[in-house]
Amino acid sequence: MALVGTRTALMSESVTSGELREKIHHFPVRVYYAETDAGGVVYHASYLSYAERARTEMLRLLGFDHVRQREQYGMMWVVRGIEADFRRPAHLDDLLDIRSTLVYLGGASLHVDQAIWRGDEEVAALRVRLACMHIAGRPVRIPAALRQALQEFLKEAD
Amino acid sequence: MALVGTRTALMSESVTSGELREKIHHFPVRVYYAETDAGGVVYHASYLSYAERARTEMLRLLGFDHVRQREQYGMMWVVRGIEADFRRPAHLDDLLDIRSTLVYLGGASLHVDQAIWRGDEEVAALRVRLACMHIAGRPVRIPAALRQALQEFLKEAD
Amino acid sequence: MALVGTRTALMSESVTSGELREKIHHFPVRVYYAETDAGGVVYHASYLSYAERARTEMLRLLGFDHVRQREQYGMMWVVRGIEADFRRPAHLDDLLDIRSTLVYLGGASLHVDQAIWRGDEEVAALRVRLACMHIAGRPVRIPAALRQALQEFLKEAD
Amino acid sequence: MALVGTRTALMSESVTSGELREKIHHFPVRVYYAETDAGGVVYHASYLSYAERARTEMLRLLGFDHVRQREQYGMMWVVRGIEADFRRPAHLDDLLDIRSTLVYLGGASLHVDQAIWRGDEEVAALRVRLACMHIAGRPVRIPAALRQALQEFLKEAD
């Protein structure tokens, strides 16, 4: 039905993948009840989910969404490690900005720094280590086309 | 800093509150890993969180975000009951459209029908019963200004 | 290593599957931060996860854990619908008792009433409709051995 | 009612707080659907929730549950940082053993190593940095009675 098609098209424009500017991916997240806890703040593990959303959208902007990675390349990313500093509490209804930077690109691994900001305050800082895995479970080299896309956004060592 | 202010302004435009069209609120949701389960599909309880995001944004569009409800009116909404039918599985990376309709407005209660669509397929249908509560915990009448805003979007009984 | 074996054995005794008494399965749940929200209470969708844990353990006590259902029978349960009433708030550190009763057994479906109690107060009441699915995704009849086990705990119609 | 009282007493015995042996707290966790993802494994952020359950129960065994900490001492613990290595995937229905060790006790801070085992395989290793906070939000010294209890289980530096 034409009407449904039109509406769906409108919808796909209205959910954001964030934007890439000067090798930083910016992704906005709104805080809802589900991610808060009885301390009145965002539950610490929720920041990891926010960060995962941002990485997914960064890869989508580079042309590599989950479906393409799985179906065309038979691969997926697995989180191997995380270092997180939780600096300030975030609250219900806050609008956060996840700023992701690629800081290391290995043969089968990728490190991403993800800082979570609210206005001009840093709420949390994560470093996430990812491994490129064949969907059957073993590590594999990052496919050349994906590597090339990642390389372009890799931040030079300071 | 002016730069930060500009960026923040850009960010607040890029996270959507959905839109109200003909008494239906449409809100887009992307499915991420956190909301899926080992069955390969969206975990059934995740739909309740999606629906809560949509209700929050519908109220924001009507001018009543959580902060205003709490600070100006000393109130919050509490979920009293849910009827949910899970009709089709949704999957990682799906783009869903939450369509919310106000179907009943009582003195201190509100019922919302929330249908979750993917393209032209209905994935799940929820009816959610909400109670208006004073933040100290007892039921209170819906404030007049909020009632008026809700009344305008109440769907006529079929 | 013998020591590890002993410890593992001890561990498997210390995580409970609850108990079946007079056709009611009782399963205890402790409320932790992750399941609460900024309202200071258990987030409503968390009760669905608690209920799922209880159903899993009830089936385990009947001799049908997830692994056996999948590997021996190629089946899994899918939640088709839920009716939930949230009657009282539960709080951080509360000890809840999930009381599950089988109320309907069809050819490929099962309905379970799950009441969540804290001491002598009912916190929430759920009715959950489950479908028996082949792991490839289509509905299948409940295997005879599982049906027989369920039948024995089916509550007579009132 | 006597019957309810008896049942409640039985229930409180059946949910475990784990056990303290030679300065290691062991806490068993069963993996349910809610904590898994479409990769077929435990979602990485779920390990942080498992670890939080274990810390809560360790403190309960030491005599300091959340309610006592808040009501008697006006304090709570806040997670300041986490280092996590995810070594092997855990799966639906796995029985995990969270082994927590206190490795640093400061004036207002506590560091806990939390290793997550399945049988004789290490699934994940976390180091969690906690701050003692007044419930109004500022850091406070750890109360003397709690400090004494923690000191006793502090692991000697290797």
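Chains: A, B, C and D, in written order; residue numbering restarts at 1 for each.
Definition applied: a residue touches a chain if its C-beta (ideal position, glycine included) is under 8 Å from a C-beta of that chain, and two chains touch if they have at least 3 such contacts.
Note that the structure is predicted; figures quoted are calculated from it, not measured.
Relative to the C-alpha centre of chain B, the farthest chain centre belongs to D.
Here B-D and C-D are compared, and the pair linked by more C-beta contacts is C-D. As a whole-number value, the distance joining the C-alpha centres of chain C and chain D reads 24 Å.
With centres taken as mean Cα positions, chain D sits 28 Å from chain A.
Chain B and chain D, compared by their mean Cα positions, are separated by 34 Å.
Annotation for chain A: residues touching 2 or more other chains are 33-34, 39, 45, 49, 52, 92. In the complex of the two chains, the chain B residues touching chain A come out as 1, 4, 7-8, 11-12, 14-16, 18-19, 26, 28-30, 32-34, 49, 52-53, 56, 65-67, 92-93, 95, 97, 119-120. The touching residues of chain D, when paired with chain A in their complex, are 39, 44-46, 48-49, 52, 76, 78-86.
In the complex of the two chains, the chain A residues touching chain C come out as 33-34, 36-41, 43, 45, 91-92.
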